[in-house]
Amino acid sequence: MNLASDNVVGASRPVLEALLAANQGAEGAYGADAHTAKAEAMLSDVFERECVSSLVATGTGANALALAALTPPWGAVFCHAEAHVLDDECGAPEMFTAGAKIVGIPGAAGKFTPAGLEAALERFPKGVAKAVQPACVSISQVTEAGTLYTLEEIGLIADTAKRHGLKVHLDGARFANALAGLGCTAAEMTWKAGVDVVSFGATKNGGLACEAVVFFDKATAENFTFRRKRGGHTVSKGRLLGAQMVGYLQDDHWMHNARHANAVASTLSEGLAAVAGVRRVWPTQANEVFVSLPAAVAARLKDAGVRFAPWSSGSMPEGFAIAADDVFARFVTSFATREDDIAKLVAIARG
Amino acid sequence: MNLASDNVVGASRPVLEALLAANQGAEGAYGADAHTAKAEAMLSDVFERECVSSLVATGTGANALALAALTPPWGAVFCHAEAHVLDDECGAPEMFTAGAKIVGIPGAAGKFTPAGLEAALERFPKGVAKAVQPACVSISQVTEAGTLYTLEEIGLIADTAKRHGLKVHLDGARFANALAGLGCTAAEMTWKAGVDVVSFGATKNGGLACEAVVFFDKATAENFTFRRKRGGHTVSKGRLLGAQMVGYLQDDHWMHNARHANAVASTLSEGLAAVAGVRRVWPTQANEVFVSLPAAVAARLKDAGVRFAPWSSGSMPEGFAIAADDVFARFVTSFATREDDIAKLVAIARG
Amino acid sequence: MNLASDNVVGASRPVLEALLAANQGAEGAYGADAHTAKAEAMLSDVFERECVSSLVATGTGANALALAALTPPWGAVFCHAEAHVLDDECGAPEMFTAGAKIVGIPGAAGKFTPAGLEAALERFPKGVAKAVQPACVSISQVTEAGTLYTLEEIGLIADTAKRHGLKVHLDGARFANALAGLGCTAAEMTWKAGVDVVSFGATKNGGLACEAVVFFDKATAENFTFRRKRGGHTVSKGRLLGAQMVGYLQDDHWMHNARHANAVASTLSEGLAAVAGVRRVWPTQANEVFVSLPAAVAARLKDAGVRFAPWSSGSMPEGFAIAADDVFARFVTSFATREDDIAKLVAIARG
Amino acid sequence: MNLASDNVVGASRPVLEALLAANQGAEGAYGADAHTAKAEAMLSDVFERECVSSLVATGTGANALALAALTPPWGAVFCHAEAHVLDDECGAPEMFTAGAKIVGIPGAAGKFTPAGLEAALERFPKGVAKAVQPACVSISQVTEAGTLYTLEEIGLIADTAKRHGLKVHLDGARFANALAGLGCTAAEMTWKAGVDVVSFGATKNGGLACEAVVFFDKATAENFTFRRKRGGHTVSKGRLLGAQMVGYLQDDHWMHNARHANAVASTLSEGLAAVAGVRRVWPTQANEVFVSLPAAVAARLKDAGVRFAPWSSGSMPEGFAIAADDVFARFVTSFATREDDIAKLVAIARG
């Protein structure tokens, strides 16, 4: 049972079948194929608005390209102090922006606040030549702590950003899980709240390698086709991406996957929390469970072949500390996680 | 019948099946999966030598990353004046090298020569601060003219390169077609001839999106894992790439595909050459046919739904010119091209 | 007698005196000083138009920053095949543009033509993702061959550029020498002919280290202050640059210097041309003399301590070749070159 | 009386005279002149060791080039959270390293500690592809708080750095002031303590525009000549820099200047501290005085024409806060600051 991440499994059945079906026949290359066109149209439907969408194979590619579209080389991107774009992409945003600064803002439960943003902005006064110039914010939704910004929280950050002339990017590597967690629409979580560009992830939630960069404003997307090509992210047999996205979105498959992953995460979270000595680090709001495990519990799980990710964080909840012998663990569920496996896992943890 | 490129078709059956089979079960992410490990081992077998191989989804990514591993920002890459890395990647090599100069060398039939390289090197004297510093050569095999460097030609270029302290990259977007054309081994066409790094393409010859960057020298590959991650080219569900490459290489499938594509290209080339007014621009040595078509022939083909790529070149054969009414056309065959379609095409051309 | 370049001498007296005078007292840093303000105002006077001018210490800095203001990373800069920005700046334009492509256009006498530009543009179709996108042209005036574009030639190149949506940069490392050679105004040679941005060099013509990037359009200059700072080209004690430029421009000093340098170059050119076996490679139109010297003449000059620069060129005049024993030499005069030295030099050459 | 910075004054007399004297005669360009050679030799004397030194005109250029020589694009530079290279260079280090990450470490009095460095390093595990790779530390000496690292503190940071395979850079924009403050030798403060590369500033302490990048290890300096040229930082009339540095270093002039600046800063610090309501924020250890001024004091100074820099800091001493009505001010003294002016200033402050 491998819950180390939601990318340790393959594609879900409908995505795979869409890929298979799309394999036949000749299609235009480099995204000029019917599947990509359909995927782009479906994304506009999902967001209830005409979007400019571009498909790429990796989340790092999507994020780096999206941020580069928003940020000049002398710009600054503001995000949470433990954001993926800051810590986990080996400097891809710096590379694609040609050297912009990614500025981390501390904040509880993986979330930064308008006040935190305001404080960070003070270090970079507009128009002062020695300071990199604030260009955009990047909100991770689901956050690195497995939590969710409420719609109001997103809206307030976006308001602050806009007041300072910044664009708003949403890193939606787990976009569907966030939607399922909030129970809102894609439009509500994005442009209606002030988001300009979304990294819309499908890979972790049923795709194989498929992400979309979704722009709500045509002007911002203007040179994206050159950026993508130049980054090596324009797949020649574009149907690979188009077909995955079509399979992912059609018949509400993506939300079905996300609701399932969130539900079993919730079950897991409740189950583990009930085990003696186990403490939840952050609330479980999507498909990730962060817990402090007594060493004996961790050992029992490992011995039984349960894989989870050892974790660490520089922004633990106030007053929370992992005891010397305890193990900070992240469990991630997916569309493929079975409820009976979760029950077994909890039983093993219980001992 | 679409012969505009070899990336207008999907994957070949064994590649697709390998992908399907690999979809089951949990695997390590970011390339730490069994399929990728197997693919890497198979590549070492193919090259009869321990290699450091990294899989990526695009040829532009493979080339740009490979060149960046060989070239500092103040370096120069020498290639043919119409090389893909120079003209067709929207500056990806410049981006990934952080601004190196890609220097085109003219040459007949898509090939540059040791003498051409020597002449180009004179512009960039070693150690002179104002000149970018020669760092590597990039040989396209198959060339942009559909022709092949002989083993001896590769060896002589590599000798010249080495004498000047340059590394040698081989852009093998159509690697298998080149091998089939030359009838030699992968080792002979690469490290035995002096090549240091290969962009080993699978996409055009049966893959969906799969290329390998193959290093014959561990030291040169040293930081490639960071470069790949930072470029957004480390696919999270690495089995996507690993499985394709396994399916591609096993049971000699890749060479079978290439031999087929070359054979039908040869048939097509002979067939078209026999049509009145059709002239071959360059000899057909792999899976690409470049011809000058009388307008009437081109029109007949188009009307019949045959798709080819309109072409242009700044380095036509000495004395060769496309007449005002004629059409310069490229036809590309693949594993999926059917012999009877070729016969039909020729018949239509004949009128 | 050192005529190897016009940067082998120090500053001219008025420039040095302006520097000395400006050394007193406290001034704002980073360009917020009275001297810089005065220099900027004088540049607007020189160009008979309100300009946005920024001072930097090097010509490479000026060119790279100017081109970066005109060219996105996926852009292409078109210039002569032997332009300084292409061959002599170790890739600075690539670095400052974050990887744009600098495309050389062949042309006689150091000049490219509208037709040459049109031909080069064909390789980079607008809107095609695989092609870098044409962004600007860079005209070297004085050219690398010591020749001058006429006003009409500049105008025609600019017209062609504009028709294709390109901006026009003028590399004026020897701006004053060009003006003196053409006998026109700075306005006529730049914005009246369609130039958008000028690298206005003072260093070679009497400065110590002083160049201005002059924008005729405020919008293009918008982020220049950040680019300059980020490139490390914002001098903290800005008076160093401001004072030099004031001393350079006031009382027509700069044009006086240039007229002198051109006049002695002309004398030198005539004198050498009259020596048996000496052939001029290109006409002398500013302060550079390019000649083919018989070995004996070259030896006599060297023995007498005359320094010139050994030269080479990939675009010699049609039918012109340097004989095996001859020496291709460049002589450059400056404000500091003495007429009697030139007479001596010619006498030595004559033998 | 302008004490806003130490770059609001011109050059000191001996530096200016050296510049004047060097203006005569012909010299090799681009650093191949006798003055530069002499300056480089003198720097080796100053550091009691053969060094590879390169002169540039700006501190930002020196820092960015030095860090780029130590840090690959996927690398991380560790420095204090308020370091100049992090906050005040508009991203120049990011530009010159092609996108490395500059990581701030919090710490009291402008200094970070080995423990702080260790903690920061934990976020970037060696060999983990998603993490940028620790490459070097940058120590600001004098710090941004006007304080000094002791030799032991530098040594301990360098030890920690070396243990983790990092190189050590010292940002010595106020190098001489630091030496004067510590009363040690240049060798002791640098390579004897484990420093690999120094940005050796002269501009603030008597130069006009002159800094040296000093490498103690030849291999690290290997490609610096290309980096400098490519950054536009190779001054053509190199005597400008060489002569300044010679004038600066000869006859102990630089240390004389620094001792003077430090002494008057000390007098100013004591004098202000004795004024009712004035509180020193950090101890005065070099030539900068940081104080909290009652509004009335600040107003009196301004009215009298005394200029200081309004300041702010994210790392104030524990428990220290600037009261609502007070003004956080920085005063910087230089070689040109007169003792009687300081006495006057203090008298005005006293009211």
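Read from first to last, the chains carry the letters A, B, C and D; within each, the first residue is number 1.
Quick note on the criterion: a contact is a pair of C-beta atoms (placed from the backbone, for glycine too) under 8 Å apart; a residue touches a chain by one contact, two chains touch by 3 or more.
Chain-to-protein mapping (UniProt): A, B, C, D = L-threonine aldolase.
These numbers come from a predicted model, not from an experiment.
When the C-beta pairs in contact are tallied for B-C and for C-D, the bigger tally goes to C-D.
In this assembly, the chain whose C-alpha centre lies farthest from chain A (L-threonine aldolase) is C.
Note: centroid distance chain A (L-threonine aldolase) to chain C (L-threonine aldolase), computed from Cα atoms, is 51 Å.
If you average the CA atoms of chain B (L-threonine aldolase) and of chain C (L-threonine aldolase), the two centres end up 41 Å from each other. Between chain C (L-threonine aldolase) and chain D (L-threonine aldolase), the centres computed from C-alpha atoms are 35 Å apart. The set of chain B (L-threonine aldolase) residues touching two or more other chains comprises 30, 73-74, 89-91, 95, 98-99, 129-130, 132, 226, 229-230, 234. If you check the complex, the residues on chain C (L-threonine aldolase) that touch chain B (L-threonine aldolase) are 73-74, 87-91, 94-95, 97-102, 122-123, 129-132, 312, 314.
Put simply, chain B (L-threonine aldolase) touches chain A (L-threonine aldolase) in their complex at residues 2, 4-5, 7-11, 16, 19-20, 22-30, 56-65, 89-92, 95-96, 203-204, 208-209, 226, 229-237, 239-240, 307. Contact residues of chain C (L-threonine aldolase) toward chain A (L-threonine aldolase) in the complex are 30, 72-74, 98-99, 129-130, 132-133, 223, 225-230, 234.
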